[in-house]
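Here chain A shows up in two complexes: once beside chain B, once beside chain C.
So, the complex of A and B:
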């Protein structure tokens, strides 16, 4: 069973919620927290445990053998400007390559064999009963989606349906978020009650509806701005699963890299409410 | 960003390159004088009448863009990467690639009279880096035409294609961070990216009173990395109060945070002059 925690706007509290929710749930159930914000994976900062596994993640990109008739079909085939014929050379731009393999497999002289190119590192950590997996995009790599996709494959290959999988998703509304949440059974959208929060929430809702996802909203920093977010959710019949108060203590704990739920009772209360809401959706199996 | 845009008055061109969560328009009152559709990337379209269900497309697709149900094949649009491989192998030309409208970009006049170039990326769209490049190129064109020396760019978070695109060609980068484990972690990653571009940089520390130990760590890191410390702003809910009224902080009030931003803007302009970016 998979839950994705997403948002439109960055900095709304996805990681705060993901780390606390998964730690809390892992006290009674088998949970895997997966940090899919591969550009800035900082969930790990809140997880205390031992690294049990680490591996490079690669994408397949073409490499020129240096010897061909320079027919130029590869350039014509590539839709991403990653293969260019310049004079007597075939030049490759692996950071632009989407690994579709067309140039390599359609080359009449097999002059573009595929070679692995490292795009990131996947790390697994055991923190008590919680399993934590993160992937970190190599600095300079442009595309998050291939790394997110392969991280999810790793999860599917190693953890069966007996686990609750929680995806800490990237911010925004474009392809990385789609990739992170497309196979989730339920998506939690974290927002803040401000004009920026509402505007970006509406974009995120549009994405969820396009993907036909079951979703609900958690309002973080409740009390900071106005009631427009709550009014919007009410009008659109979007369930508000929890409201976390605008509490400086939460910000201070977060700044120090501490989990929130064990220290602030009001926060834990909202977490329990969220957990019950998810059970009401018959998404989380009651223990 | 909002406040700097306001302070710059009509001497700037503004480029909002945070294209998939573009919020700056809520503070700067753009008038959307010009609106253009933005096309990028392709989507496979399958003509069922021509399809002979041979499955060649499915066998080559790396992205689950082709799905098969009860012997019928169809394109899963959300997964299609737009590479065109399926089109090339289809024996009956049943697949065509169509260019997609992935967003819109706009040229506006802001409420302080400066030209503002901004955009909206369609939900789920790819190629945000290319739309960012489009916004910047248009901003550059306007700056040249209007004789404006500064283009102020609002970038997006992260280190991916949109950020790379926003950074390329920049003369100076202003980081905004906070004294937290996440703030430091993420700043370190983006600093490494910016080093690859060899661009001089400065940093504003927001919510500086959140954690004094983290603040010290941050300042030490910045000094070691050669990032100029532009300013520190204590946590201040006036930012939200201003946002609720659709105002930048510096037009909302003249409180302490506002004063810091005014001084910061002067510093940034000074850095740019010393660097020789301004003629």
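So, the complex of A and C:
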């Protein structure tokens, strides 16, 4: 089972929910939490454990050998302006390259062989029964998607279906979040009950519907704004899976890097509600 | 001497376009021929990424001695620029083309 936790914008409590849900589930099941917000991974701040694995993630980019007839075909074929001919040399801009291989395969002189280039680091951490994986984009690297996709490959190669896999997706509604949620069985959209929250939620819902995803909403900081988010979900028949109240203690525990559900029973109740609606709970909980 | 300008229009009264990569026009002034010619850069302004290197490539092809512009090149554009001998003068951002040329000649703007 793969669950992606996403939100239309940052700061909605996505990471709080992802870390809490995975820690709680890991008390009874095998769980992998994956931070796919590769531009700003911050789940790690809330995970205490030992690093068990670390590796570089690379993408294939062409390198110019200099043995070249200056025909200019490489520049013409590249859709991303990642290779251009300047005077008598070919210049490459690896951070713009999408590794499509077109220039490399087309080049009549075989002057553009592909070479690996490091785009990020992947780290794995064991925190009790919870396995945590995060990837961090190299500074200056502009494309999150290849790193997200290779991180998911790593997960697929190392953890079979017996694991519950939780993706903490990047915020927004553009390519990175689509890449992060496209093979999830279910997407949880986290939102706040405010006009901004509703606006971003609508955008996110549109994306999820286009992707034909099963999804539901978790309202964070419930009680903060108005009822418009709930009314909207009702009208659109989107399930509201849990409502986490606007409790100052949650923010304080979060800031202190503490596990919230072990201290605040109301929060734990909402987690259990969420787990039940996702059919993730194995034990009947004596609430 | 051949001068290149990044410009928002096609005449001496047009303003300098401060954005090098996404400039609307490239103007070339050849003082030997006393001739000002304009080259549209509109197809490049539609590129999502990599506009800087392409614009600089275009400027290099026009073979000026000096480029007068506003903000100067980004990292990739600067890399392309460094393959040529063209001297870059920045800081002409809110000037008209004729003012920018005067400002350069009287050393009010430099690299």
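Quick note on the criterion: the second predicted complex is superposed on the first by the 279 of 287 C-alpha atoms of A that agree within 3 Å, B and C clash if a C-alpha of one lies under 4 Å from a C-alpha of the other, contacts with A are read in each partner's own complex, and residues count from 1 in each chain.
The rule we apply is simple: contacts are C-beta pairs under 8 Å (C-beta built on N, C-alpha and C of every residue); 3 or more make two chains touch, one makes a residue touch a chain.
What you are looking at is a predicted structure, and each value in this text was computed from that prediction instead of being measured.
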Touching partner for A:66 - first (chain B), second (chain C), both, neither: neither
First, second, both or neither for A:265, with chain B first and chain C second: neither
Per-residue contact with chain A, leading partner among chain C and chain B: B
First, second, both or neither for A:173, with chain B first and chain C second: first
Contacts of A:86 with chain B and chain C, given as first, second, both or neither: second
Residues on chain A lying within both footprints (that of chain B and that of chain C): 80, 142
Contact set on chain A toward chain C in their complex: 80-82, 84-87, 89, 91, 93, 96, 142
Of all residues in chain B, those that touch chain A in their complex: 20-21, 23, 26, 42, 60, 62-63, 78, 81-85, 88, 97, 121, 123-126, 128-129, 156-161, 163-164, 178-183, 185-186, 189, 192-193, 196, 207, 210-211, 213-214, 235, 237, 240, 243-244, 246
For the chain A and chain B complex, residues of the former touching the latter: 8-11, 15, 39-40, 42, 45-46, 77, 79-80, 98-102, 105-106, 137, 139-145, 170-178, 182, 194-196, 199-200, 203, 206-207, 210-211, 224-226, 248, 251-252, 254-257
Contact footprint of chain A on chain C as seen in their complex: 47, 49-51, 53-54, 56-57, 60, 76, 79-80, 83-84
